[in-house]
Amino acid sequence: MSDILKIGKYEFTSRLIVGSGKYPDFKTTRDATLASGAEMITVAVRRVNILDPNEENLMDYFKDTDVQILPNSAGCTTAEEAITLFRLVREATGIDIIKLEVIGDTAKTLYPDVLETLKACEVLAKEDFTVMAYTNDDPIMAKRLENAGAAAVMPLAAPIGSGLGVQNRYNVVFVKDAVNVPVIVDAGIGTASDAAVAMELGADGVLTNTAIAQAKNPIAMAEAMKHAVIAGRMAYKAGRIPKKPYATASSPLEGLIEF
Amino acid sequence: MSDILKIGKYEFTSRLIVGSGKYPDFKTTRDATLASGAEMITVAVRRVNILDPNEENLMDYFKDTDVQILPNSAGCTTAEEAITLFRLVREATGIDIIKLEVIGDTAKTLYPDVLETLKACEVLAKEDFTVMAYTNDDPIMAKRLENAGAAAVMPLAAPIGSGLGVQNRYNVVFVKDAVNVPVIVDAGIGTASDAAVAMELGADGVLTNTAIAQAKNPIAMAEAMKHAVIAGRMAYKAGRIPKKPYATASSPLEGLIEF
Amino acid sequence: MSDILKIGKYEFTSRLIVGSGKYPDFKTTRDATLASGAEMITVAVRRVNILDPNEENLMDYFKDTDVQILPNSAGCTTAEEAITLFRLVREATGIDIIKLEVIGDTAKTLYPDVLETLKACEVLAKEDFTVMAYTNDDPIMAKRLENAGAAAVMPLAAPIGSGLGVQNRYNVVFVKDAVNVPVIVDAGIGTASDAAVAMELGADGVLTNTAIAQAKNPIAMAEAMKHAVIAGRMAYKAGRIPKKPYATASSPLEGLIEF
Amino acid sequence: MSDILKIGKYEFTSRLIVGSGKYPDFKTTRDATLASGAEMITVAVRRVNILDPNEENLMDYFKDTDVQILPNSAGCTTAEEAITLFRLVREATGIDIIKLEVIGDTAKTLYPDVLETLKACEVLAKEDFTVMAYTNDDPIMAKRLENAGAAAVMPLAAPIGSGLGVQNRYNVVFVKDAVNVPVIVDAGIGTASDAAVAMELGADGVLTNTAIAQAKNPIAMAEAMKHAVIAGRMAYKAGRIPKKPYATASSPLEGLIEF
């Protein structure tokens, strides 16, 4: 009855991944992460220290836990930059599982540049990184990333930090349908039900940062997210009832008044 | 840190209420109910036996549990019928907490007739029943039911058995805002995230039957619902982040491109 | 090929009804109304002068047009008040087609009190008023209003002035299905597509005030609404294609991934 | 007061573009197109004859009209194929305005392969084609297409033929914001209001085929689409009212209960 999430050579029991940005301090980051039950926390290496052992270092806060640090390249806008960054990170920390993020619009949407992402993915996968690739919600592009060696694809639900939830539900289904590697819905989750929705659509996991870190009570929201991801996963596997206008719906209305 | 749901003189820890219809047998009804963590199960007295001790009786399946039986008047179309039914039920079983349901359209939507419901509520509340009143999602009507003595109002999310989820999210907020008694979102829940959504909107509880009983795997869906209701409740109390087009959203777009 | 909207003894070619509130002056009210092609304009008799011939009077601005004045009882909170008001209006102006509006919450939602509305409808219909009744979107209540003599029912799309558009699309379909009199979707329209949606759901007409009067350019929005109502009506009659996940959709997904 | 749509050197008064697939015959194609007021009709050159003057030829049906034929590369899956096709078409017909479509999934979603599209766009634009590029709804990719010489970008609303309407409203806004060339929302329009929505989001035009061709009454739906595009355009320019929970909404709820 186990339900393991395998990403490359790594295995996880929790299907929730959290972030480390926008917290007041590392103590709260740790507390919220543990409350969430997440086994992986992503870290924007350019903003949060995991490289310098002489400064306060996030990794120290998770040393005694099973939580895997997942370095990410937030802020990078070219394949080049991201590749260089991750080589440096692996050199310094030994970590080889990464969240690849190459941004195409740093001013507003923070949407990924899928072309640069694809380039970087190809290089990094060949260098034996376990690449989890942040991307748009296009199934064709997800497939290309898988072909380029991505160990997981991470389609966005909505812009980073927007809290809008899954904007295009069909695309989550289409992405899941297109690839064999795990699909982790990333970015745009605003509250617990958004995470549940993503899981019910068939996502293999969910990553959320702002929704927890910026909630009025981050610890409580972290716990809410834990339950939401479990709820969504179980509901997906349980097999939901179909939607219909009413219990006794006759076929003439089907498709015509489904909103 | 307790978070008790009080309905009249009754108290519950779980905020999920389940139903007993559409199960293959009482054994499965029991198993799913226990998996859901629900402390209350509603029973359509006209369809499921709780009155006749000489026939197979649902109450026997919950004797050794803390699950409260909640008789309902499904199938009644007048205040008269419902009042008569509940008097009989209390006489036979001693149960005085009830789900009042007076249907205005038995052919399609199964929507409640709020006028007949209101009449019955007034009479039954005066007779010291703890009345939980199934109603539409109109805050004005919810207030009238509270004034008529309802111990809880149960606005519909969508037609019974439809699985459509909360159709009018504003109305759940408005109903909650209008009354002081608990608001239990009832009818139309299709999957776990629907229950989480209802709770995040401020509902005090959720009732669902078909979504569990007719799922491919009712036991798994029951457990999913348990987590979903906890997730939604915790997220509501944690205080979610606001929605905005993107993290750096400037005010000119606010309200104009919120969908 | 005519497509006449009949409300009681009245007939209209346009299916758009406009309001007269929130305009800077009567001149703009007139210009926007004519641009919209509407043949009926509703007037809150308590706020806009149509009774006193010695003050600036809205009716003077429409004397040379075919636009029917539709007095409404906005601000009334009891059947009593509304009945008294309309008797007075008919006495003073001779107008017997009215929009009955009895508000249950004057502070926030401006939602109708359907019980008081029903009472007033019964009385006014017996006195030979052509009653168009503003109501919630409950099909059972719509049917009761029809039985009480309403010549048209006017379910709300969303709170007055909210601009949220149709919140519960199923309910528009259900209301239309429940009654034989015209269904005019009223309140909550925010932009042209909202009006088109209402018409595509089968509404016989749409009433909108704020969306036009408070648009940056009321005249342009009035014209947009004219086209939107025609578009929605024609699309409804043309018979739209069904929704499906993709053109080649196979049945296993139907109902399961319709959002 | 003119509101001209300029695509490269071409100018149009209508902002609706129609398709030529799925009609029973060329006569109906012509009648629906004229009813729609469209000034451009796209033609899948691999499926509909515009090249062979000895067979029944669609172009003959539009000879006496102002309707521009817009050849498209539907069915092509590589840049190569599309480039070859369009060279041939220009050679044979003299037409140099084209809809570039390179499909990445011919089995289900018919989603574009944006990488191949980008390659083809670069080559064709350099050869002085006026390239209208069918793409996903990613603003970063839209910008890349503009940089590659596209005269218009055509983000999809939903899968071709799905009739689902605009799935990600934010992305239409983001694409419009990202590029200076016209944005034509293409694919997935199901009914008139969908077209109005796209225009209200700021699209410069809408292309729809199946919604008209497969409607029960294609001519009526064509006319509905004409009005819908005008309605949406005018509403966009008129400046809609903001959405808020109710007319008197206080700020505490803003962003928190916008759905």
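Order of writing sets the chain letters: A, B, C and D. Residues in each chain are counted from 1.
Criterion: a contact is a pair of C-beta atoms (placed from the backbone, for glycine too) under 8 Å apart; a residue touches a chain by one contact, two chains touch by 3 or more.
As the structure is a prediction and not an experimental result, all values here were calculated from the model.
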Chain located farthest away, centre of subunit A as origin (C-alpha): C
A-B against B-D, pair bridged by the larger set of C-beta contacts: A-B
Centre-to-centre distance between subunit B and subunit A (centres being mean Cα positions), rounded to whole Å: 34
Distance from the mean Cα position of subunit D to that of subunit B, given in whole angstrom: 46
Contacts with 2+ other chains: residues of subunit A: 108-109, 159, 164, 169-170, 240, 242-245
Subunit B-touching residues of subunit C, taken from the complex the two chains share: 104-105, 108-109, 111-115, 118, 136, 138-141, 143-144, 158-159, 164, 167-171, 174, 177-178
In the complex, subunit C residues that touch subunit A: 169-170, 173, 201, 240, 242-245, 254-259
Of all residues in subunit D, those that touch subunit C in their complex: 107-110, 159-165, 190-193, 195-197, 200, 210-211, 214-218, 220-221, 223-228, 230-235, 237-249
